[in-house]
Amino acid sequence: MSTITQAEKELYLTLLDLAQKYPIANDWLANLPNWLAHIKDKARYANAPYYQSVVERLPNMDGKTIRTDFTAQNITFDVPLSQGEIKQTTALLKNLMPWRKGGFVIGQGEQSIHIDTEWRSDLKWDRVLPFISDLTDKRVLDVGGGSGYHGWRMLGAGAKTVVVIDPSCLFYYQFMAIRNFVGSLNNPPNLHFIPVALENLPFTTENNKQLFHTVFCMGVLYHRASPFDCLLQLKNQLLKGGELVLETLVVDGDENTVLVPKDRYAQMNNVYFLPSVPALTLWLQKAGFVDVKCVDVNVTTFDEQRKTAWMDYHSLADFLDPNDNSKTLEGYPRPKRAVMVAKKL
Amino acid sequence: MSTITQAEKELYLTLLDLAQKYPIANDWLANLPNWLAHIKDKARYANAPYYQSVVERLPNMDGKTIRTDFTAQNITFDVPLSQGEIKQTTALLKNLMPWRKGGFVIGQGEQSIHIDTEWRSDLKWDRVLPFISDLTDKRVLDVGGGSGYHGWRMLGAGAKTVVVIDPSCLFYYQFMAIRNFVGSLNNPPNLHFIPVALENLPFTTENNKQLFHTVFCMGVLYHRASPFDCLLQLKNQLLKGGELVLETLVVDGDENTVLVPKDRYAQMNNVYFLPSVPALTLWLQKAGFVDVKCVDVNVTTFDEQRKTAWMDYHSLADFLDPNDNSKTLEGYPRPKRAVMVAKKL
Amino acid sequence: MSTITQAEKELYLTLLDLAQKYPIANDWLANLPNWLAHIKDKARYANAPYYQSVVERLPNMDGKTIRTDFTAQNITFDVPLSQGEIKQTTALLKNLMPWRKGGFVIGQGEQSIHIDTEWRSDLKWDRVLPFISDLTDKRVLDVGGGSGYHGWRMLGAGAKTVVVIDPSCLFYYQFMAIRNFVGSLNNPPNLHFIPVALENLPFTTENNKQLFHTVFCMGVLYHRASPFDCLLQLKNQLLKGGELVLETLVVDGDENTVLVPKDRYAQMNNVYFLPSVPALTLWLQKAGFVDVKCVDVNVTTFDEQRKTAWMDYHSLADFLDPNDNSKTLEGYPRPKRAVMVAKKL
Amino acid sequence: MSTITQAEKELYLTLLDLAQKYPIANDWLANLPNWLAHIKDKARYANAPYYQSVVERLPNMDGKTIRTDFTAQNITFDVPLSQGEIKQTTALLKNLMPWRKGGFVIGQGEQSIHIDTEWRSDLKWDRVLPFISDLTDKRVLDVGGGSGYHGWRMLGAGAKTVVVIDPSCLFYYQFMAIRNFVGSLNNPPNLHFIPVALENLPFTTENNKQLFHTVFCMGVLYHRASPFDCLLQLKNQLLKGGELVLETLVVDGDENTVLVPKDRYAQMNNVYFLPSVPALTLWLQKAGFVDVKCVDVNVTTFDEQRKTAWMDYHSLADFLDPNDNSKTLEGYPRPKRAVMVAKKL
């Protein structure tokens, strides 16, 4: 194993505090060294050492006074950087492309770097926030949280502790790159990233001894070969009375309508089940959730998902039928996403 | 661990022969002691010691000449048993109730025991056999094979080796009880039972080094939370060009029609996905199968599934709406089963 | 797993600090949850829940000002306790008998509790301290450290961090009982107890990446069936240039003299090799140590090891031949202990 | 994993027979695939693929009539080989040098190959055989059995089953090379080689359920850092009343005399404890053996251990002080070996 970073140490501290009250946190502690070793293992992730070196070369923020804003369109780190540092930082962050979820602003005024990501992730957040339980002082899990954008927004909405999980090596280092700019705050933001997949999290059968009040899972379910296993794993992370916020691709139809693309969907591999909202509602109920509500249905637009300087590869416009924007290249209905909110009894 | 029986030793011998040609058979060998220890572990299966004692008390067949018939409606062991043995054997076998898949006949003429099971499993076999590849000299896997009835029929149809897998402790001992009556043939029937679930079988990525020419999976898919994982696991047991014979519950509808019962279906727990035949066809193709054909669709009748002296509990008649036999008690369409045949490329 | 205590959390914090510099500390972190779960497992240690309840009922020291002395004959916690608390605490601590290594004083003046242990462990410490490397600011491991007495003395001698390891469940809870009286100091004493055996500590082949400057191992070697494995395990915990302080039973003789008691020795079971000092010197050299010196040889007296109110069972006087105090009951030479000091190259 | 050979299959068959009576044999079965995979793993044993190819290119003995003699000085396979085959076989077997334990004769009359090994292993056998229990119909374990010479002699002395264990990759393939010449006997010799170290064999606490009547351990103990662990592991393989035959290097002296060479002994690395015969006797008793007898003490001569055409490197003559043959190069007493016989109660 290798050494741990300051950010990883702060993650341990959060788990240690939990482990004084929740036995399951002890299982997270027992796994954490292996989870961290795994994501840095170059036999698995050839780019890991390179990404790590990118993060290590970012400007040192020790002792710098930083103002942050986690409530606006862009997650903002108002930090003094010289013109040289801006240039160098921009180059380093571009080495972590493609940037999908954001955006982020680092620096001050005209000198700032704007990481303009493929997704305007704030738009989704603005649609969802009004319909979910107040996050103030809550512990929150964000499953498949990518670079961590929504995690910062959860912190901005008052959450006490946010844990982002995502098995992607690139997203881990994107998160660490952004986190570099919190500097040496007295109270470092209680937002952590664990490079692990949902299915590998510790499982508990102990009643109401789970760690989280709210679990988010956005953009994950349609990639899972087994939606029910996914829903049960999500439920297992929630305290009694806790809330699941689930976003996934849907199609029109009744309780028995489920689209399974034979091959790709909007050029994505590994897409399995796209249920209708009534079918998804039934699935959540079958998985044991109650108070199941659909709070948003949205056809993704070119304003929300598009090619940028920080993701210069194919995006939504390239995935649709050029002659009929209501269809994907493969002839399926254009991407439509629903947000479901449900409670654990 | 405990000692092994003659039947288990013969299973080892079959795997050893395979292990001289197929590396994956070595992985089966490495797991076999644990699989066998698992099913006999009374901490997991409280009835295991009792079932085992039942099997051990069956009449000793050593040195007896036995005529068998694995091609008729009932799997038949034409074996001389005294009236006392018939009586005792009947009592012992009744201790292994409920008997679901069969039937079996043990003994001679009027002295024989007819295990009249809940299912007339021969009816399904007769519908399926004409449409599948010739089994002569093939190695065959029967996933979820229960008491082993269809396994004997596969042997009767010419298969060289048949391996039945099923994680049920009761079915393991039902199989061993039946197998007791093969006696001491010079060439013991090459039919084996491994008490393991499909998802726990060794997996190989080595091209065309799998063990089986044909894989049967009947009555399993609708019980799996993840049908795609099930299909991929089945595919992974097949040699290139091998054939899958898949039977599962279906509903009427188009490619996008899938019934997911919110709670029970025909009084069964743990029922997940009931696709239409077109949807199931698409799923098989998505899982990488070719030449996908539906060879039989059959609404289950009271002739095929019913209460008997060997399964005296609720059966099909109790699962249907008494006022409308076209519906289940829960109001879903009455059970209809399709048999699909598909090839691995 | 269960929750963790404040003392265990402080142990984690120490390892976390080390893990930012030393990869091997990460392996300790990965094992720690299991080590702690193991010692509390009532299937292994029937008394563990009882001992734990004893420790939990000790007076709460939160917010109390405490003066400590870790340099005197008795480890002293000068803490205000009412007469009732003294009485109750005495009773609780007596439930953790037998107390072997000490002594300890808890309370003020005449109201204090004096845990008068079987061993006057200060006598050994006084003989050893003049001959070992200065402990100031060092990280120290005490293998087989029992209740932790010498660990406190190491802290008193200036060590920065002391880790006591011992696989005994009773000693773990004796340590935790004593540690209860440090109260809520701003800087809690950096002395920790891990309930693990030497042979189960993480092993590293990385050059000079070990955690410790000095390793103590007193009263352990003669209980090990394999002295060389023990010496190599001790060496593996030391940084380059680090120092081993080894105390064990010896006999008179030359390089080739080793007493192996056929059965018991001084009534102790599990006694294996008692080498002469020249043989022990050679063993240390063979194991790769340099600058091997014998700094003390001492025949144990009745002043140093004896029955007390806190260990009211058989002690040294009962282990010797009543007619000839120069011999054990079994006729072997009376216990003589040597302290060896050696360096890792 | 890879496929298994005919010799390995026969090993399985032997264990299967045992597993019908002895639960512990099931643990051997469970480990066997991994033991065999381990020794063929080129990441661990770089030469394994080469050695294997040597064995595979030996002449095919299928269907050949072979006369064998396992009772003479040389293990003899009287098999018809052409002059070309003799030449080719000699070259192949020389690729498996150095040959230490033997000798072996393959072929007929003047056309035969004589593998003249470093050790005249028959001399030791002749000294030991008169003093051990009759091996007729016994199951025997030979720990550290090298190329298998003594194993063949045990078979020649009437043993029913002999299992040789040795963790050496070279010796494994030497054994397999020799075994090639048994041809296709109806009853293949019940002599097997498992490439595993003593300390990794399954351990049982079940009374009298071990597999072996006699355990040999010759030339191993002085290489073990922990002689007591070795003795207890040997004892754990023996049935109640079974016999240990232990051969190791000894020195002159009394119960408390043990030579531990600081560095090399007779140029060998990894030499630990050389006890006197009285000390070794005491150790065996302490380990729980009874009826401990020393049946042979022998100073190794140049007739018994010497350089040959099949081991053309340094041998005994090179390990002794050229000016004083009573001493090793390092100045220790010249190698003297004792054979101990002891029973398990």
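Note that the chains take the letters A, B, C and D in the order they are written out, and that residue 1 is the start of every chain.
Convention: a residue touches a chain if its C-beta (ideal position, glycine included) is under 8 Å from a C-beta of that chain, and two chains touch if they have at least 3 such contacts.
Since we're looking at a predicted model, the values are computed, not measured.
K.L.:
Counting hops between chains that touch, how far apart are chain B and chain C?
P.N.:
Each step joins two touching chains, and the minimum needed here is 2.
K.L.:
Tell me, which chains sit next to both chain B and chain D?
P.N.:
Of all the chains present, none is in contact with both chain B and chain D.
K.L.:
Taking mean CA positions as centres, which chain lies farthest from chain D?
P.N.:
Measuring from the centre of chain D, the most distant chain centre belongs to A.
K.L.:
How much rotation, in degrees rounded to the nearest 5, is required to superimpose chain A onto chain D on the basis of Cα coordinates?
P.N.:
Going from chain A to chain D via C-alpha fit gives 180 degrees.
K.L.:
Sort out for me whether A-C or C-D is joined by the greater number of C-beta contact pairs.
P.N.:
The comparison resolves to A-C.
K.L.:
Provide the C-alpha centroid distance between chain A and chain D, rounded to the nearest whole angstrom.
P.N.:
About 61 Å, centre to centre.
K.L.:
Taking each chain's centre as the mean of its CA atoms, how far is chain C from chain D in angstrom?
P.N.:
Between these chains, centre-to-centre, one finds 44 Å.
K.L.:
Please work out the Cα centroid separation of chain A and chain C, and write it as a whole number of Å.
P.N.:
Their C-alpha centroids are separated by 48 Å.
K.L.:
If a residue has to touch 2 or more other chains to count, which residues of chain A qualify?
P.N.:
none
K.L.:
Judged by the touch rule stated earlier, which pairs of chains are there in contact?
P.N.:
A-B, A-C, B-D, C-D
K.L.:
Under the definition above, what is the set of chain C residues touching chain D in their complex?
P.N.:
225-226, 228-229, 251, 253, 256-263, 272, 279, 282-283, 285-286
K.L.:
Help me check something: in the complex, which residues belonging to chain C touch chain A?
P.N.:
Its residues touching chain A are 1-6, 9, 12-13, 16, 19-24, 26-27, 29-30, 32-34, 37.
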